[in-house]
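Heads up, the next two complexes both have chain A, just with different partners, chain B and then chain C.
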Partner chain A sequence: MDLISYLPFSLPHPALLAAGVLEGTVLAAVLALTALGLSIVFGIMRVVNVAHGEFYMLGAVLAWFITHTVSGTVGGPPWLGFGIALIVAPLVVASMAAATDWLVLKRLDYDPEATIVATIGILYIIQQLALTFYGPDARPVEAPFDFRVQTPWFGYSGYKLSVVGAAILLMLVVWLVLTRTKIGLIMRATQYDRETAQAFGIPVDKVYAGVFALGAGLAAIGAVLIVPIQQAHYLMGGDPLLLSFIVVILGGLGSLRGTLVAAIFIGLSDGIISTLYEPTLAKILATLLVAMVLVFRPQGLFGARAA
Partner chain B sequence: MIRSILLHSFVIAALVALEPVLSEYHHGNLARIMVLAVYATGYNLLFGYTGLLSLGHAMFFAAGMYGCALMIRLAEWSVGPAFVVGVICALIAGIVVGFLALRTIGVGFMIVTLMFAEAAYLTILYYNEYTRGDEGFTIAQSVRTIGGLDLSDTTTRYFAALTLFSICLIASAAVVQSKAGRVLVAIRENEDRVRMLGFDPFRYKLLALVLSAVMAGAAGAAYAVLFGYAGASFAAVQYSIFPLLWVLLGGPGTTLGPLLGTVLMFYLVDYASGTIMPGLAGMVETQFGIEAPGLASAYLLLVGVALVLLVLFAPRGLLGTVRARMIPWLP
Partner chain C sequence: MATDDTTRGTDRRTLLKGAAAIGAVAAGAQLLPGAARYAQAQSSAPIKIGFQVHRTGIGAAYGRWYDRTTKAAAKLINDGGGINGRPVEIIAEDDGTDPKRGAEVIEKFATKHECDVAFGTLFSHVVIGSAPRAGELKLPYFVVSEGHHVASGMLNRYTLQPGITDVKSQVQSMAPWVADNLGKKVTMIYPDFAFGHDHRDYFSEAIERQGGNVIAKIAIPPRETSFFKYLPKIPKDTEVLYHVMVGPGVLTFVKEMGEYFGDKRPEIFGFIDSLEAVDIASPGLEFLEGSHFWEGYPRYAGENQSAHDKFYREAVGVDENGASLSDPKDVSTFAHMFGCWETLHILKAGMEAADYKGPKDRQALIEAVENMDVFPESRAHPQGSKLFNGRTHQAFGHQHISRVEGGKLVPVHKTSIFDTVYEDETDYTKMSF
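On to the complex of A and B.
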């Protein structure tokens, strides 16, 4: 990729562009999962979870611990450790999130401003505990399988392509659960009118804890999927948090369809831009765009109305 | 009114009286604390009195710091005029951000300010040719003088910080006890009713935001000239969270809360890093500026725990609780 620096503003080579699009697709897939988690939590609970990126980081760090233990001490193959991590890490993160909801958010009665301050605190707590117990190093996780898909111009990692597939599958499942099942109906009823839902016997407290756990769990799954591509590091939560914010706001706060469209748009452009050009400038423009959208079009660019 | 004047005069007099008795270590700390308390006092005008929670005040602090430090470094201006430039930068930033961000309320305002501050931080990193990015740059001791006084001298530095702090404390007390200050509190309590009474809340909120930004900028510029360093870490999101924490701890909506919160949090972090990780001599430098890679930032754990506990159990902060329980006239 050193070649890029020699051709900064000329048109990129088609193969390079294709690579950028592929990288962008992988990023977009994981970003969509992570942002979906943030969006569901905001949509149903009206809580802006600033600690969302740290749940993502926890997923990655746990994945490292699990794969490391399985391959290191037990001597299992990479796919076994990864498979266990893919199930256990999100579950652990989700239960931590449910505990957070019960210990902190519920006691604040989900007051929007107080919960933001509290989740900022939780962000630092999780991040610094990770620093204390996991350390400052970035550590790699081996991919569960290793094959290359050959295109006419270049080979491409089969693992990355399956990440895209897995993310799409998961999002389909979440969408089906939210729109086609009783659980989804209960969640939407709680979102629509918390008090009436309570009056109809819906255990709102449990729904909230479950929604918060689901949101964090989605971020953790995204992180487990990405960790064979990017290494696990205690500060890795910052970027996905910022990007998820951008996605959720551009897509319209609480609008799931808008979130998906925006995730694909932002993920692809971020992938292409950071493969080809200067990423800092792109981030500056993206954050300013988000601020402007919130100021002038708070319902988002894609969503017609906040759900 | 008399009680309030006496109380503030007493606090300032106590800070003057402390100067000769402090050890060199606490001397340096307190100078730093007073500069940061200026930042917190400005933040309190917006958050504590007007009820607007900004998550992006680091951009105003950084506007003051870089406005001042870059004039010294690149244009070779002297400290006085450069300080004024820093404050003007923060003023302009406050007006621009105010006109845009005050169109939103509640959570929207928090995220818009957060995003503007993030953009400002990234801009500082982007132009690292001039700003030296995260690494930052130092300002030579030889140019840190004003009117023949050497600002790197500990006593001069202490009194310079105290002067700035006193001006901002008195200004803040005067504002919140004026008619405009009453309107700010009324906006915090019920904005619709303020509008119904014929006031324009936007004008008052803009006033609070701009005053707050100017104080933050003055603190940033003062930090640069008194401690001779400017770096991008002062523009990072932590630096927007710190004043929130200090004000929450000391008591939002009390004039002396910001100072109390800054002092307590500073020494709490200082003490914790001293006992948990002894031998880290550079801890205070790490806490407020130069990052040592790896070990040093675990103090943020304390910041996180304090934020959660305060928001859960003491949303009124220390002086807010004192006012509610014991001294109702506390300004």
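On to the complex of A and C.
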């Protein structure tokens, strides 16, 4: 059978579309996780965390250190190092975020403008620390497992597909925590009315530190999942930050449902437009869409009220 | 509350004082060696070579090895008595692989460090961003960039590229071999800036002269991190996939190509730029087995290693596999970094021919280099003999094609220098200084 594994160069061919949808789904999954972190932090703390992408980068860089140590010094298999990284890296990043909250954001009294400037500073500090201690190279992390899925037209990484599954699972967990647990209830109460929550004995400071840690931890999990696909690099935080902002603005600041829908929309359209046309066009359209949403529906697609 | 504020105020003052003290110490440290130098006799003052290096940004792997090679060459020159009896001092500044920063670095070399010449960098957009400033400052600028922008006449009389060949001559000498051995219908994947455009334009021309053609041209933004989305654009009737990628995502690029094609792939011809500083035996690269690469200088020493090659590798600290002697996982940018070594030796020869004494002799230095025509294979030129065209400021040399066999690169073809020569497109010697 003469099954060729590369494609005819005809315009929208099912194969091109399939490639676009696959790429888009993977992007959407990781984006949803990353943007969810940004969205929760904004929703509850009213803090626009410009350093969000750097927490993502830290997750990837830590994943490299952990997998490298496990496979290099102990000689463990790739899945072991990756499994440890998936748990340890987000925890480390989350505790760094909690420390940042305590050291910086809390002292600014969570003033919206001041925290933007402060998180820009944190962005540069984290980036330069990564450059100093990790170096300027892009380093690969081996996937915990790898198999190739053959479509009728081309092959696709099985690991990438499993990333989608993992992201869905994680989002379910976050949703359950926020809606079904006492911690979630406390977080929502703080979001709804900070002062009343405090009056009812909710330790708002601790909630804020926890929320900031959760947001950064989600970014880090997204990064650990993506790093076997991309390579860890100290400048890798830029793109996810931009896309997360696009998603959060589209979905409505603070709306988790909106974030999810917007992530799927942006991810899929980016994948399909990039494959059929140009990646730059995809970015142009996404940014244009954000501008239009800001003009005509500033609260975002699912935002309850203007932020 | 008041106490609290006072304490805080004191803390801040203490901190500020501390910072000021650190600043003063740093400034002093910068001043002292300079003062010491002025105290020395003029004749023994070092020749200062401003080294523009990609320490950070997407060119960092190249920068690390350009740095090591440059240090090794400078040490060799200094151990042999320096240049005109004066030691060479390399003053390195990070250009961040960024054109704007590159121009600022050139400015710093000329005004702050008072360098005699500037030297270095690889990425073509940095060279193109920096060269005009070097020309304005009348600072000789010896680049190790591969781009065709020097020989094309785009730059100026102060910018020279004597230590490395350019893309146009490289691809022109590859095309006949590719057409004869791999196929004539070519799809090109290249980075979307000057260096990639050189590949696109000159390889397209060269393969057409061989009766072939480029059936698709896929440009990839230089900071792209995920490549799968570009691969469906490769036409079905592609016989040869030509790739030349740079930047932090190259390993991902090759891995995704492997996942995409599986074991049914077209012939693949790549420029080693796609895998400089990367171990060919890395997991995920198995699918490159049997594919071919251009190499400016073969990474693996092989059986017919010359004495010059052996000497060069030892001096730089590179083993016979092209990796660091101290860490076999630290693979060098072997196909390019020899350019730094050779350029510094040409600089030495030029300064000696011009009897270079100081910045006033910069024009004489450029004229002296322009008068050079042949660099015979030697310790100073371990990659091999080269021709130098003083009119276009560009060197021409042998090119190599290697095949991936057992996770190593095995040389299969070496071009003659004459395969790489093309007609002059400019004459810098007619430009005034």
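Here, the second predicted complex is superposed on the first by the 282 of 307 C-alpha atoms of A that agree within 3 Å, B and C clash if a C-alpha of one lies under 4 Å from a C-alpha of the other, contacts with A are read in each partner's own complex, and residues count from 1 in each chain.
We take it that contacts are C-beta pairs under 8 Å (C-beta built on N, C-alpha and C of every residue); 3 or more make two chains touch, one makes a residue touch a chain.
Worth saying up front: this structure is predicted, and the values here are computed from it rather than measured.
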{"item": "First (chain B), second (chain C), both or neither touched by A:T280", "value": "both"}
{"item": "Which superposed partner A:G165 touches (first chain B, second chain C, both, neither)", "value": "neither"}
{"item": "Which of chain B and chain C A:Q150 touches, first, second, both or neither", "value": "second"}
{"item": "Chain B versus chain C as contact partner of A:V48, first or second or both or neither", "value": "first"}
{"item": "Chain B versus chain C as contact partner of A:L16, first or second or both or neither", "value": "second"}
{"item": "First (chain B), second (chain C), both or neither touched by A:I122", "value": "first"}
{"item": "Contacts of A:M236 with chain B and chain C, given as first, second, both or neither", "value": "second"}
{"item": "Touched partner set for A:E142, first chain B, second chain C, both or neither", "value": "second"}
{"item": "Chain B and chain C footprints on chain A, overlapping residues", "value": "131, 136, 280"}
{"item": "In the complex with chain A, residue positions of chain B that touch it", "value": "53, 55, 100-101, 103-104, 106-108, 110-112, 115-116, 118-119, 122-123, 125-126, 241, 244, 248, 293-295, 297-298, 300-301, 303-308, 311-312, 315"}
{"item": "Parts of chain A lying in touch with chain B, wherever the complex brings them together", "value": "48, 104, 107-108, 112-114, 116-118, 120-129, 131-132, 136, 242, 245, 249, 280-281, 283-284, 287-288, 290-292, 294-296, 298"}
{"item": "Chain A contact footprint on chain C (complex, rising order)", "value": "55-58, 60-61, 63, 215-216, 221, 223-226, 228-229, 231-238, 247-249, 251-252, 256, 259-262, 264-266, 277, 282-284"}
{"item": "Interface residues, chain A side, partner chain C - complex", "value": "3-9, 15-16, 19-20, 22-23, 131, 135-138, 140, 142, 148, 150, 153-157, 229-231, 233, 235-236, 239, 271, 274-275, 279-280"}
